[in-house]
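Okay, got some structures for you below.
Look at the two complexes coming up: chain A is in both, with chain B in one and chain C in the other.
Then we have the complex of A and B:
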């Protein structure tokens, strides 16, 4: 891979209002170069909103988040158009979209709460239930499937100690299936929060789970 | 009404060919509407004339010469020289395929579905679908969801046309319905448990649902569509006078459905009116005329009763007359009553009582329609004919003078439910005409059974001063007769042998000749949609 140390290039549409360091984006462990376990540097920056600390009771919206919300509204011609990024922001803060959150976002944008529910339920990447500290999405689409994604999924379920779509008892892991993560050249691909882990085989799974547990204990988890 | 982005229908027209036949339509007409004008009914789910057209159901596809692929006829505008084929092999094949997809998850529970017999999925599959399904996979199962109000949702039957969602968005302007989830998991729902409770026009989503996904709880499993008779009528709920159909079976009204009238109610009606039909089925009716006060009352045939009454009226000539009418009786009946009173003597009171709601309830997307404050269908007709409203908002009280009147007293269509048995004790002659008996009619010298509006032909005047006809949907009980027939005969006799009206049409033309406000209107000309009164309302013309 590249000799040059990774430089955060910003992300598409970066207008400079996000003041995130590289470590915020990729995690401290990863920011020294390509991660040994296959975490891929190129995708993480496009999903900055997945990284904030999650607090289900966080206010909608305050301080810098209010500024971002205002910015979002200013960029779209109608409230309906601004709904997706507004829901992104709410999920970034709260970790999932509860009925109350949908209702609040609807009120903020002057939309009907039923409409917001319709949009939120249309997209699978909005969590309608609380998820664990780590949301593990294992791709089971064609490429990954041919490379044994089912076994990788089974290994994650076993090592995280949870059922498909459920959260482990300690609240650390939620394991779900994902349709194509657009990393078909590196199967099996697993997305954990905003990080991509590529070429993952069942044997790699215990190491990844341990590493995430370690990040959690050291306070370095993103 | 949403105009689907069409240019206003002006003078400009376009001429096109649909299925080898030329048709000329106003510019801005969609192919679907043009085909309908030419006599070809194209299948459609998402299109509804009262809503915007999202072109998402893919069932109205037609072949347009020169177009690279089939076009959705609901949003493709008719153009000069266009050649359209609605039944080309390509179009038929495509629609057959689309219908097969519609049946992938459809439960085909027609035997227990209320929509069966008037369902567009049934109709279209019967007309253009495959004879046999090819699916072997199990179908998804949602069960049913109570939306509150009168609305029940069967997700399994839904074809996702979103008419209901758009009705709530565009017409009710209360965006409570939405599509939740996607793909084969998609269902119509409200915001979690919020439901449609309190949305006072929500019943219309049941009417516009093309399949049995939204059904009325009130009508649930009550009658099959093919057993119902349908009669054009006018809603008796309020002075808006929405055009409706009475759906009847076994001589009972089973449900009310709105009937299109662009001037009055569009395609819609309110939930209050829709639920307000039980009164038409009320039993315990007066069935035979009777004569005599209190204990002396005896049944009498119509000839006998009217003969006696005629003699009594002649004898009472010049008396002081007080009349209690009703805003639920037809204009013809009320006008004949007023005329009989005037022939008899000096009319010193012409009154009616009716219930009033605290406020109006307007339909924001069709503002001509509101559930009005006056909760009776002919308040404006009664006013135009010189009756004035007395009593409280609950249609009680206000009859003190009438009750103690010592002259001639007529009551038509008011049950006098709040009145004492001593009502009319002092009257020299008391004639009670109604659908139901009353304790306060004990002193009546004549009790005459008359029909409700649902059992006769006639007209009401609505709040827009529009005269609207209704037709009989129920058989009258026993010997009950329309009030205009009974009073028309009396009036003719009192006036010395004038010909009595023998039909509702004759009664109306008598009315048009008698009352300036109705001048120039013909019964035929009113048609099914009515026409405005010739002159502005007379206001409170009562003496």
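Then we have the complex of A and C:
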């Protein structure tokens, strides 16, 4: 795997002069990903998704995922409140939310199809159509914009070989513009699936794209 | 521990452990004095806990600066049967320019867990939801581990520290919508609805999440509470000003040599922050403008920054707002028209669409600004923008609408020439 530039100084400005390993900075949950059953009920509605290849036909919900769904429901006074976590889990399994998926979730929670579609379409993180293996979201809001975010976006489009909002032909990359990702001190901030890459300049982009390709080949992609 | 941009004028009450992975574990956090605040709160009781926070003068760090102890005292004293109280922790951090809550969550998760426990206890809530923005996968993972540890150690759950008090915490993640940071939008989102803000009244303390008495606080607000309980309200007042006590994380971004989070006493001079703490503007360029509190507040010209003190009353006196202390610095090369247009795009995208002045106004403003930026502006465009902004102010359910009007009006007022130059000549100021 090629060494990609990793500069997530976070608290420290954008020089990259720090001696923490990447995993220390990220606080990576566990190398094998979060438990499928959601762990303790208090955190079951929250655990990260976008961690593995997706199966658009995955059942909603079975085995440990059903356990997680039950834990989620136990944390709220109404079934409706489990809707966002349930949609998150459905997207985690299937990769995107088709109208049929929304209807299935509606049935599981006793809500109407129209209601669930109305909610799901309100939120930008629900993919209404399939996205690439890596969803690359480049912040172009003010703080990153002042420091050249548009050049970073252009570099990602060029190196991933795709157009804005589209997926590369091999299905690997979807590149989109993002609103502020709350990492404004370390421009440009790019979110790739569940990870943040901060302090990214146009020159860093080929290295990041290589790294992601390498992770895909080695099976280490997250 | 490498920590390149510690500055010796910082006062690291909350942020001392940023960058120290050992502080993320329960053991590590206890070794740093963790969970003494909740122990003391349980000892002195609910009313005295509220009083301690009142005495500290802590003001909400989510933008509005409302005194936290006072907010807590709005909750019903006794819990009515069938009317449980809720505490909501607002971790939806998405105001452009703001990047402090994520640092608190990922470096000092137990500080936030303890703050939530104290807040919940103080308002008589048996359940606290932490609403995290969906993008924060990594930070959420860190917080989830801390919460599991807290449950395992009996710090959260049915019998907090053996006191018989029940406080459950649940992590809830959003799915990408800035408006869910607005307190009633957040409540609707938590309940599984579109994140559309609610008309007030009723206020959350009367009928909030699930229609029950609710208090909502920002991450940084709650993270400041354990220290106050541990050391007392007076201790917190040793920093800051009479009206803005304590320390605050300043998120500095844009054109400075050392951007980042700096914890400073409130009232710190703005020019010292930019020039001393953040190392000034790279390349010796001149300062043009500063947005002192996140994208929703009026833009300040370089002159206005000169003697500005960074506290709630200081920034107000300079004609803007401290907001969440997200200081966005722009040097002479910054294109004001373009940046205001980018903000308008953002608000147009994030408007929930309930109120006509906001839904239409943000979209029109974005289109007109783009026209000006591209050299196709019309002579009366500035008047139209001011008129739209006027109609967007004070007319809507929440203040997202006002939040775009403020930067537009202040930018036109202070940088009119840049707009006019583009309108008249179709040229961008600063272009050769």
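Everything below uses one rule, namely that the second predicted complex is superposed on the first by the 173 of 222 C-alpha atoms of A that agree within 3 Å, B and C clash if a C-alpha of one lies under 4 Å from a C-alpha of the other, contacts with A are read in each partner's own complex, and residues count from 1 in each chain.
We take it that contacts are C-beta pairs under 8 Å (C-beta built on N, C-alpha and C of every residue); 3 or more make two chains touch, one makes a residue touch a chain.
Keep in mind the model is a prediction, meaning the values are calculated, not measured.
Undergrad: What is the contact status of A:62 with respect to chain B (first) and chain C (second): first, second, both, or neither?
TA: Neither partner.
Undergrad: Just chain B (first), just chain C (second), both, or neither: which does A:99 touch?
TA: first
Undergrad: For A:210, is the partner it touches chain B (first), chain C (second), both, or none of the two (neither)?
TA: Once the two structures are laid over each other on A, A:210 reaches no partner at all.
Undergrad: Does chain C touch more residues of chain A than chain B does, or is it the other way round?
TA: Of chain B and chain C, more residues of chain A lie in contact with C.
Undergrad: Please work out whether A:163 is in contact with chain B alone, chain C alone, both, or neither, and reply first, second, both or neither.
TA: Neither partner.
Undergrad: Examine A:125 and indicate which partner it touches, taking first as chain B and second as chain C; both and neither are also allowed.
TA: Once the two structures are laid over each other on A, A:125 reaches chain C alone.
Undergrad: First (chain B), second (chain C), both or neither: which does A:113 touch?
TA: After superposition on chain A, A:113 lies in contact with chain B alone.
Undergrad: Which holds for A:141: it touches chain B only (first), chain C only (second), both, or neither?
TA: Touch status of A:141: second partner only.
Undergrad: Show which residues of chain A both chain B and chain C reach, each in its own complex.
TA: Overlap of chain B and chain C footprints on chain A: residues 111, 118, 122.
Undergrad: Within their complex, state which residues of chain B touch chain A.
TA: 174-182, 189-192, 194
Undergrad: Touching residues of chain A toward chain C in the complex: what are they?
TA: So the residues of chain A touching chain C come out as 9-15, 17-20, 24, 26-29, 34, 39-43, 45-50, 75-78, 80-85, 87-88, 109, 111, 118-119, 122-126, 140-143, 145-147, 179-187, 191, 194-196.
Undergrad: Name, in rising order, each residue of chain A that touches chain B in their complex.
TA: It is residues 99, 102-103, 111-115, 117-118, 121-122 of chain A that touch chain B.
Undergrad: Using the touch rule from the top, collect the residues of chain C that touch chain A in their complex.
TA: Within the complex, chain C contacts chain A at residues 1-5, 15, 18-19, 21, 24, 84, 93-99, 101-103, 106-107, 132-145, 147-148, 151, 156, 168-178, 189-195, 210, 251-255, 258-261, 291, 295, 326, 328, 330, 334, 338-339, 342-343, 346, 349-350, 352.
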